[in-house]
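Notes to accompany the following structure.
Naming follows writing order (A, B, C and D), and every chain is counted from residue 1.
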Amino acid sequence: MALLEIKQLNKRFGGLHAVNDVSFQVEPGQIKAVIGPNGAGKTTLFNMISGTFPPTSGSVTFQGRDLRGKKPYQVADLGMARTFQNIKMFNGMTALENVMVGRHVQSNAGFLSSMFRMPWTWKEERAIRDKSMELLALLGIEEHAHTDASSLAFGQQRAVELARALALEPTLLLLDEPAAGLNIYETAEVGRLITKIRDLGITVLLVEHDMSLVMDISDEIVVLCFGEKIAEDLPPAIQQNPEVIKIYLGEE
Amino acid sequence: MTTELFIQYLMAGITYGSIYAIVAIGFNIIYNTTGIINFAQGEFVMFGGMIAISLLHFMPMPLAIALAVIITMVIGALIEICFIRWLKSPSVLRMIIITIGISILSREVAVHIWGESIRSLPYFVGNEISSIPVFGARISPQVLWVVAASALMVIFLGIFFRTTSIGREMRACASNRKAATLCGINTQNMVTLSFILSAGMGALAGCVMSPITYSQYDMGTGLAIKGFTVAILGGLGSSGGAVTAGILLGVIEAFSVSVVPLAFQDAISIAILLIILFVRPQGLFGSKEAAGLSEF
Amino acid sequence: MKKLLSVLPLLAVVIGVHLLTSATDTMYYLTQMTMSAYYSLLIIGLCVLMGYAGQISLGHAGFFAIGGYLSAALTTRSLVPYQDTALVNLLDSVGMILSGHDLYGEAMLVVSPWAACGIAVCTAALIAVIIGIPVLKLKGHYLAMATLGFGIIIYRVALALEYFGEADGISEVPPFPLLSGLTISGNFSDRIQNYYIAWGLLLIGMVLLLNLMDSRVGRALRGIHGSDEAAGAMGVNTSRFKLQTFVLSAVFAAIAGVCLTHYNGGIGPSEAGVMKSVRYVAIVAVGGMANLWGALLMGVVLNFLSLRGVFGSYDDAVFGLILILIMLFAPNGILSLNIRHRLKQLLRRGKQDREGEV
Amino acid sequence: MKKFASKLLMAVMAVSLLAVPALAENIKVGAILAVTGGASFLGGPEARSLEMVVEEINAKGGINGSKIELIIKDSAASPEKAISFAKQLIEEDKVLAIIGPSTSGETMKIKNICEEAETPLLSCAAAEVIVNPVASYVFKTPQKDSFAVKKIFMEMKKMGISKIAVLAGNTGFGKAGKQQLTDIAPEFGIEIVEAEVYDKKSNDLSAVVAKIKANKDVQAVVNWSIVPAQAIVAKNMRQAGWEVPLFQSHGFGNIKYVEAAGAAAEGIIFPAGRLLIADTLPADNPQKALLMEYKKNYEAKFNESASTFGGHAYDAITILAAAIAEVGNDRHKVRAAIENLKNFPGTGGVFSFSAEDHNGLDIDAFQMMTVKDGKFVAYTGK
C-alpha cells in the first residue's frame, strides 16, 4: 500500500485553477520530489496535503486514512511533518525550544499537569530535551542550541526547522523548497541530510526548484506545470522527457 | 401596539440610528485608508459639540458650528500627525491600544477645559417642547436636522469619493496602499485627510445632536462603542452598510423597550452584535471576501 | 523546581516590605499592597493570554466581576425566603449553607464562602468556555470588539439586576475563612495575614504560570504567538490551546475578584467597567506583553499608586498617557527600554565626543 | 530580568516609604468625593464647597486657633477606591473625620470601616440605608429620600392622582428612590403602574416615554434621578405632547438641569432644600442668612450656580466644624457632639441629631418647588 495517495486533486481560487486533477502516490521509504516552474501549484499542493486549506475536489489518503476535513494539527498528529518555503521560526525562542515544540505530539503534559509540575512531567520534559538535543546534534547545530533562533544564520535556521519537523518522528516529511536561498555548499549539505533522513526510515516528499539537488537525491519525480501533472518518472527518465526539457529550457 | 406608538418607536429608532450611523461612517473613513479602527472617534463628536457651545458666546450659531467643525478637523489632523503618521506598519493590537489611549486623554483634556457639567446648543428651530406631528406621533424638529445632516454627509461623501480627484486617490489608497504609493499618490497625506474628514463629520454630528443628547466631556466612549458596533454590523468600511445597520440597531433598541426593561437595552444591542460577530463576522452587509481581506 | 527558586527573591521582597513597614510604623501601606496583589493576579493571567497566546481581551474586568459579584451575592443575600426549596436543601445537605444571625439580629441563611467561591470561579470558567469558543475564532478588531462587548454585557447585567444591588453593588460581604486562623477580611486587625494571603496567592499564581510557560504547553503557546501556521504543523491544536488559556486567565481573574471582594467587604459596578478592562490591558502592555515579571511589577506598582490616589483626579489621564507613550516609544514594554544599557551607550558617546574634541 | 524587576520593586517601595507625610498641628479632615468619573456632577460641587468653606475657616484663624487641613481624595465613584482611601485616611493621615463619599454605593462600602475605626463619617449620599440601621459613627447630610417621597405623594393626594409611572436613573440615588417609592406608595393609596430604569448616559428617551404614555392609566410621572439625563425625560415628555404632571426628586436641585431641559422644565414639581429659593425666603427663616451667604460666596468664587449637591458637603463641613469648636480635636467627642447637635441650620434644612437619627432632618427640610420662567420658585399648588 502506498504511504500517501493523491487522487484527482483540484484547487480553484476564483477563476484560477491552481491544481488540476493531480494524482500520484508516495511509496514508503522513498524520496519523491515535485518539481515545476514558478506558479505550477507546488506549494498549493503541499498546503492541501498538510491540511492548511481544503481541496476543491479530490482526495488525499495517508496511511490508508482519508485526510478530508483534517486540520493541520490533526494531520501532524497522524505522523506527517512539514517545513515551510519561507522559514517560519518561533521568534523569541531558542533553537532548542523550537525543536522542543516539535516534540508536541510525542508528549502529553496538559495545562494542569504543567502548571503543577507533576512528577511524571519531569521525566517527559527531560526526554523532550534529550531527544531535541540529539536532533540538533544530528543536524550539526548543537552548539547553537541556546541561541535565539531568529538570530541564527539562514542555513542554520533551515537546519533548526528540519530538526523541528523531525522531532515529530514523522512517517512522512514534507519539505517545501529546502534549498531555497542556500548556496551551493549548503545545498549539497541539505541533500546529504535528506538522504540521511530517508535512511532513518522516513519517507520524504519534497518540492524543489534546484534541479541538481532533485536529480541527485530523488527516487521518483513528479513534474507539475500550470497545475497539471505532465510527467512522473525516475530521475534519468525525467531528464530525457522532452516536455520537461521544453518547460525548463525556458527557465534555466 | 397602536400605530401612533409604532411610529413613535420608529422615529426614536431613526434618531438614535442616524447618530450611530454618523459615528460609524467616521470609523469607516479612517478604517478604509489605514486599516485602523480609531477608538477616539466618539471624542470628535464631543469636541465638535463642546467647542461650538463655547464659541456661541462670541458669534452666531451657524458660524460657531462651522468654526467648531474646522477646529475639530485640525485636532483630527494633529492626532494623526502626532500619534499615527510616523509609526511604521504597527500591529493591530498596538493601534487599538494607542487609539484607546488617545480617547482617554481627549476625555481628560475635555474635563479639565470644560468641567463635568452638561451643556447643549440651543435648538436650531423651535425649542425643547416644540414638536411636529407625524402620523399621530410627535417628533422634535431637531430630529429632522439630525436625519438631514446624516443624509447630507452620506451624499457628500459619496460625491466626494466618486467625482473629485482627491476622493478617488483616497479610494485607491483604500483598495491597495502599496499600489497607490507606486502611482505617485502620497498615501501619508491621504491618511491625514481621512482623519480630518472623519473628525469633521464627527464634529458636525456633535453639533447637530447636541440639543437632543446634550454634550458632556465623557459622551464619546458610549457613542464610540455604539458606532463601532454599527460599523461592524454594516461591514467594516461600507458607508451604506453603516447607515442601514445604524438605523436597524436604533430601531431594534427603540422597539426593545416594549419587550424588555430599558435597563437591559445596551446589553441586548451588544448581545446582538456578539451573535452577528459569531455567525457572520463580515457584518450583515459586508461580503465574505472583504472580511477575509481585512482580517490581519 | 528551578522556577520555584526564581520567585524566592520576590518572596524575600514581600517579607522585606512587611518588616520594613513594621519597623518604620507604616504598616498601612500593606492595605494597598494587598489590593494591588489581587489585581496583579488578574494581570498575570491576562498577560499569558495577551502576551503568549496573542489574544487581546478588552473584557477581563467582566470575569473579575463575575467572580466578585457571585461570591458576594451568594454569601450576602439571605436564602431565608427559599429555605424550603429543593436546591437550598440540597446545598444544605452537602454542607454548603451557613445559617446564623446578622448584625441586627435577623435570621440569616447564606451560602458558605468556600462554596460561593467555588461556584463563582466555576461559573467564570464556564462562561469563558461558552464565549471563548466563538470569540477566539475572531481576529484583530473583531476580537477586540467581541471581548469589549462581553465586558459591557456583564457591566450592564450587574447594573440592572436587583440581585447584584444595581448601582450600589453589594456591601457587607462577610470575611472568607480560608483555614482556621486564616481569614480574608478587611479588618484592620487582620491586615498582616491578609497581606501574606494575597501575596501568597500571587506568588503561587506566578509559580504556576512560570511553570506553564516553561513546559510543553507554554512552548506551544509561544509557538502560536510566533507563527500560528507553523505551530499547527507541529501538531499544536491552536484553537484548543487559545481557549484553554482564555479559561485559565478567566479563572485567575475570577479568583482575584472573589478574594478582593471579601477583602474589601463589597463590590460595585465600577469593577466591571470598560475603563477597568482597558486599564488591565494597559498594564500588561506596559509590562511588555509577553513578560510575566513585567506584568507583575507594573501591576503592583501602578495599582498601588492608583489606589493610594497618587494621581488624584488625573488617574485615568495618567493611564491614557502611559498607554500612548508606551505603545509609541516602547511597544515591547517599559522594561525593554533597558535603561542601564541606554545610559552606558549615552555615556560612551559623550566620552567619544569629548575625546573627539581633544 | 527578574533581578532587575525585584530591584525596581524594592526601590519603589523604599521611595514610597520615605514619603511619609510630615506631622502637623492642624486638624486633619479627610474627604472622599467623586470629583471625576460617573458621579462628577456631585463630587465636583462638593469638593469645591469644601475647599471654599475650609479656606474661609482658615482665613478667620481656624477653629480655636488650629487650622483645618483638608485632604480630598478623588474616588471617581469607584467603591474599591473609596475603601482604599478610607483606610488610608484613617490609618495613615489619622484624620479626625471623613466627609463623603458622594454616592450611596461607596458610602455603604466604608460604613463598617469607619465604624470599626471609630472615625466619624459624614456622608453626602442620599440613600436611607446609610443611617438606617444607625451606625454610631456614621452620619449623613442630604435629606432622607423617604421624606421626599412622602412630600411628593402628599402633593399627589391633593391633586387626586392615584396611578403613576416611575422612571429612575441607574445610579444609587435612583435605585434608593425607586425602592422608597415602591414601599411607601401603598400608604398613600397610590399605585405604580409603569416603572423603568434608564442609563445615566442616556441620549434620548423618547421610546420609553412613548411606551409609558401609551398606558392611559398613568396620571403622573415621577422621574427620580440625580444624573443630567433626567432633563431628557422632561424634554421627551413635552415633545410627545404629554401634559401629565411631572414630579422629580431632590436630585433635580441644580439649575443646570433646568437650563438643559429649557422650556420643558416649566411646571416640574419637586421637593428640595431651600437653597434653591433662598432669595424668596422670609427674613425670619433660620436658614436664610446662611443660604444667601453660601450661594453668594460659591457663585462668586467658582462662577457657576450653587446646587443642593454642593450644599450637602457644605453642611457636612460646617456641622463638623461646629462639633470641633465645641469639643476640640477628638474623634469620640466630636462624634458625641454631632449627635447632640440641635437646631443647627444648614443648606439642607435645620439639623437636630439624636442617637436614633443620624440624619437630623425632618420632613420640613423639604419644600415643594416648581420651575417658572427658568427659575426655581416655591410651589403653592395649582
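FYI, a contact is a pair of C-beta atoms (placed from the backbone, for glycine too) under 8 Å apart; a residue touches a chain by one contact, two chains touch by 3 or more.
From a predicted model like this one, the values you see are computed outputs, not experimental measurements.
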{"item": "Labels of chains that are neighbours to chain B and to chain C", "value": "D"}
{"item": "Most central chain, judged by mean C-alpha position against the global CA mean", "value": "C"}
{"item": "Furthest chain, CA centroid comparison against chain B", "value": "A"}
{"item": "Pair of chains joined by the greatest number of C-beta pairs in contact", "value": "C-D"}
{"item": "Averaged-CA centre spacing for the pair chain C and chain A, given as whole angstrom", "value": "42"}
{"item": "Distance between chain centroids, defined by C-alpha means - chain A, chain D (Å)", "value": "72"}
{"item": "Chain centre separation (chain A, chain B; CA means) in Å", "value": "49"}
{"item": "Cα-centroid distance, chain B relative to chain D, in whole angstrom", "value": "35"}
{"item": "Multi-chain contact residues (two or more partners), chain B", "value": "261, 263, 266"}
{"item": "Contacts with 2+ other chains: residues of chain C", "value": "159-160, 316"}
{"item": "Touching two or more other chains - residue numbers and ranges from chain A", "value": "none"}
{"item": "Chain pairs in mutual contact under the definition given at the outset", "value": "A-C, B-C, B-D, C-D"}
{"item": "Interfacial residue positions of chain B with respect to chain D in the complex", "value": "1-2, 4-5, 8-9, 11-13, 15-16, 19, 111, 115-118, 120, 123, 127-131, 137-140, 209, 212-214, 216, 218-219, 222, 253-255, 257-258, 261-263, 265-266"}
{"item": "Of all residues in chain D, those that touch chain C in their complex", "value": "1-6, 8-10, 12-14, 16-17, 20, 35-38, 73-74, 76-81, 83-85, 87-88, 91-92, 103-106, 108-109, 111-113, 116-117, 127, 133, 170-172, 174-176, 197"}
{"item": "Interface residues, chain A side, partner chain C - complex", "value": "50, 52, 71-73, 76-77, 81-82, 84, 88-93, 97, 100-105, 107-111, 114-117, 121, 124-125, 128, 164-165, 168"}
{"item": "Residue ranges of chain C touching chain B (in the complex, touch as defined)", "value": "50, 56, 131, 134-135, 137-142, 144-146, 148-150, 152-153, 156-157, 159-160, 274-275, 278, 281-282, 285, 314, 316-317, 319-324, 327-328, 331"}
{"item": "Chain B residues touching chain C - in the complex, by the definition given at the top", "value": "37, 83, 87, 90-94, 96-98, 100-105, 107-109, 221, 225, 228-229, 232, 236, 261, 263-264, 266-267, 270-271, 273-274, 277-278, 281, 294-296"}
